[in-house]
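This report concerns only the one structure given below.
Note that the chains are named A, B and C in the order they appear, and that numbering of residues resets to 1 at the start of each chain.
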Amino acid sequence: MKLHHVIESQQFSVPALMELFSRTMQMEKIVRRGGTKDYENKLMATLFYEPSTRTRFSFEAAMVRLGGKVLSTESAMEFSSAVSGEFLEDTIRIVGNYCDVVVLRHTEEGGAARAAAVSPVPVINAGDSAGGQHPTQALLDLYTIYHECKTMDGLSVLLIGALDTGRTARSLAYLLSKFERVKLYFLAPREMQIKPDILKHLDEHNVTYELLSRPGNVLSQVDVIYQTRINRERLERTDVDLRQYNIDETVLHSIKRDAIILHPLPRSVEIDPAVDRDPRAAYFRQAQNGLYVRMALLSMIFDSEELSLT
Amino acid sequence: MKLHHVIESQQFSVPALMELFSRTMQMEKIVRRGGTKDYENKLMATLFYEPSTRTRFSFEAAMVRLGGKVLSTESAMEFSSAVSGEFLEDTIRIVGNYCDVVVLRHTEEGGAARAAAVSPVPVINAGDSAGGQHPTQALLDLYTIYHECKTMDGLSVLLIGALDTGRTARSLAYLLSKFERVKLYFLAPREMQIKPDILKHLDEHNVTYELLSRPGNVLSQVDVIYQTRINRERLERTDVDLRQYNIDETVLHSIKRDAIILHPLPRSVEIDPAVDRDPRAAYFRQAQNGLYVRMALLSMIFDSEELSLT
Amino acid sequence: MKLHHVIESQQFSVPALMELFSRTMQMEKIVRRGGTKDYENKLMATLFYEPSTRTRFSFEAAMVRLGGKVLSTESAMEFSSAVSGEFLEDTIRIVGNYCDVVVLRHTEEGGAARAAAVSPVPVINAGDSAGGQHPTQALLDLYTIYHECKTMDGLSVLLIGALDTGRTARSLAYLLSKFERVKLYFLAPREMQIKPDILKHLDEHNVTYELLSRPGNVLSQVDVIYQTRINRERLERTDVDLRQYNIDETVLHSIKRDAIILHPLPRSVEIDPAVDRDPRAAYFRQAQNGLYVRMALLSMIFDSEELSLT
């Protein structure tokens, strides 16, 4: 599979996902033996218009473990004083001439696509606004399910949180729709339920789903629990008990013995730290998979260029 | 040529410039084949007291493509809370002991010279205040003219913008005075015209020049158009039409077929993005030359040390 | 000696200190010949919750000179908006999976110990609050005394400054108590004198000491002067002449011919720049030793892991 820009999770077909995941598993082995030097001439620029240390470190560690080098911005504040709408494009044209791949976190929805349109080198979207895309997060979420459950087909997946705005939950629902016999449960306060655009997409792909505002006994039925945060400030009703959406040790008694609990992190109160000890708590393994998935993506991009040259 | 500190563009003689430009052309080839490892034991510290991602990335990419390593500050804010005028000097003495070259962007005019006076390793000035020096920008501007026009001798060069304060235009005028039969045109609103110190210098070196407040037909006569920004806020008169200083597609019809348009970037409205498509728009090539010029400077500095040791 | 986390200076026994110092001297030679590649597969993350460019550069230069790679945060501001007390632990768990060692500067006393408790890789404390620990500073201070004076036994050491809160002076007094026949003098305004916990510790270890509020003739009697800053804002009395605690050229006439003057830097007015010329002014050599001590610590940590595996 040839890969150039990585802009949105939807761009990946099921075969492409499977090749990516196969490569991701190889990357885990490569890291175990101390990394590779295969990409030692490659230079990555992380251009972050807002800080995200975890995501940035994950990309930069991925590049270093591949043998490559990094130019880094923690928070490209000067760019936010941009005098003109052309500024992002000009910056990408310049920075793209200094490096072999640009990892961009931008503050505006569609920023990554605008950058890709003019960039002399591949652009990887590392998040473009809360309402936008963050494809590498979506890919590592999906990979973690695949790696932990050995398949996506036939899984029951429960997504919890502020599902209307949560880009990670939205992207995961979208990606899961590509697989066979998946059943999705969306658990959220009524005003934060998943939006119709996702439901329409699921309908078109014949994916079964249920909308829930209370957990009921769904927790005992699912293979994957994908937990995200709910901000009380967004709730108009004061009578909603948010604790029913949290996961604590009591919940552990009611979920399947081989279920897994995921969370994009960082978490707040929605998962009790006491849960961390349980082997079904997979969120730190999930974060670590971010390293391997990003190594796999970078290596696919660089290998695609080699293919183009030969 | 031996090179230690790089503090101001005036320090370079014509033979030194020619050696630098010859080396710069080699660097372009070295980048094309993936860089070198010749300087793999060298460590550069970029000490930026104010952020400038483009300049910093250009230096850091230069060091990486030479095989070297980088210590980086995006914005050394803690230094700005300096308790004493001695602080910059102390910092340079300390940081200079950790690395092989310091790239300094400081907020005070003369900061780089102060640093060089105490530094245990070479200092490169990456800009010391708007009114100060930014010699690597001046060198890459000059190199771009040389590379695009194959000579400096006999060129007609038009500089447009707030020429009184613009350090890039001032430095370029200064450097061009070193060459034969150069003719300079300065186009600016009256109150932003180039200052007498530069004109005096040009007179002393028998350089022909003209001061213009309106473009008239100068655009059709010049080989190089060096465009910079005009801030409306600085204009007292409200009747000045700033659009006459901008470059758009209409202007392209009136300039020479082999003229080039330069800009230190970032731009605002003074060059219409529609101009980018024209092969005479050389400003992105100019930015890329920044990488090669900085590689050439760094390699000259490191090679000079080897010479000193033998 | 096996070394994993570096949390507080007290964790080092005298034999451990001697092994560290022996290794530190080797590191100086390694830097002179351009560094080593022995640790080229190792990746260090510098996670700084507040900026400290000098300390960060010292660690990062140490890692680079050992051949290793670095992930860097200048100021992990996003972390300060932490929504939960678990946040540091979660971040360490994630970042620790991307790298081989974490260098942490935290804003809360005990932050490094909390991080070490959950980290999958060794944690080095690079300072956890003004009242907390900064063990690598203490170790480089002690190493400088050892390197300059060839011994610690029998030395007379004068500590000057706001000794009640100064963590560097407190740690140094603590470490010196491990050696034979050391005599300590504490010179400070009464309300900033060294605290009883340190004096109790010295009593228990039979260390002789004197508390002074005026220099008198102590300066002529000591082998080491450890100078730190006094903030006038903290003084309630307005009649205290702070100049008596400063070191200027006059003081140089009264100190021993082979005494050394140390300062953790950055300094304010407490050491006159005119003193820098005197060979007894050892504070810049002290700062440089920070590089070698940190290289020694990192190499001990990595070598300990190898030992564990075999």
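The rule is short, and it goes like this: a residue touches a chain if its C-beta (ideal position, glycine included) is under 8 Å from a C-beta of that chain, and two chains touch if they have at least 3 such contacts.
What you see is a predicted model, and the numbers here were worked out from it, not measured in a lab.
Note on chain A versus chain B: their Cα superposition corresponds to a rotation of 120 degrees, in steps of 5.
In summary, the pair chain A and chain C forms a contact in which the copies contribute largely different residue numbers, shared numbers making up under half of all those used.
Between the CA-based centres of chain A and chain C the separation comes to 41 Å, rounded to the whole angstrom.
Across the assembly, chain C contributes 72, 74-75 as residues in contact with two or more other chains.
Of all residues in chain B, those touching chain A in their complex are 34-35, 51-54, 57-58, 60-61, 64-65, 72, 74-75, 265-269, 273, 284, 287-288, 291. For chain C in complex with chain A, the residues that touch the partner chain are 41, 43, 45, 47, 69, 71-79, 82-84, 86-87, 89-91, 93-95, 97-99.
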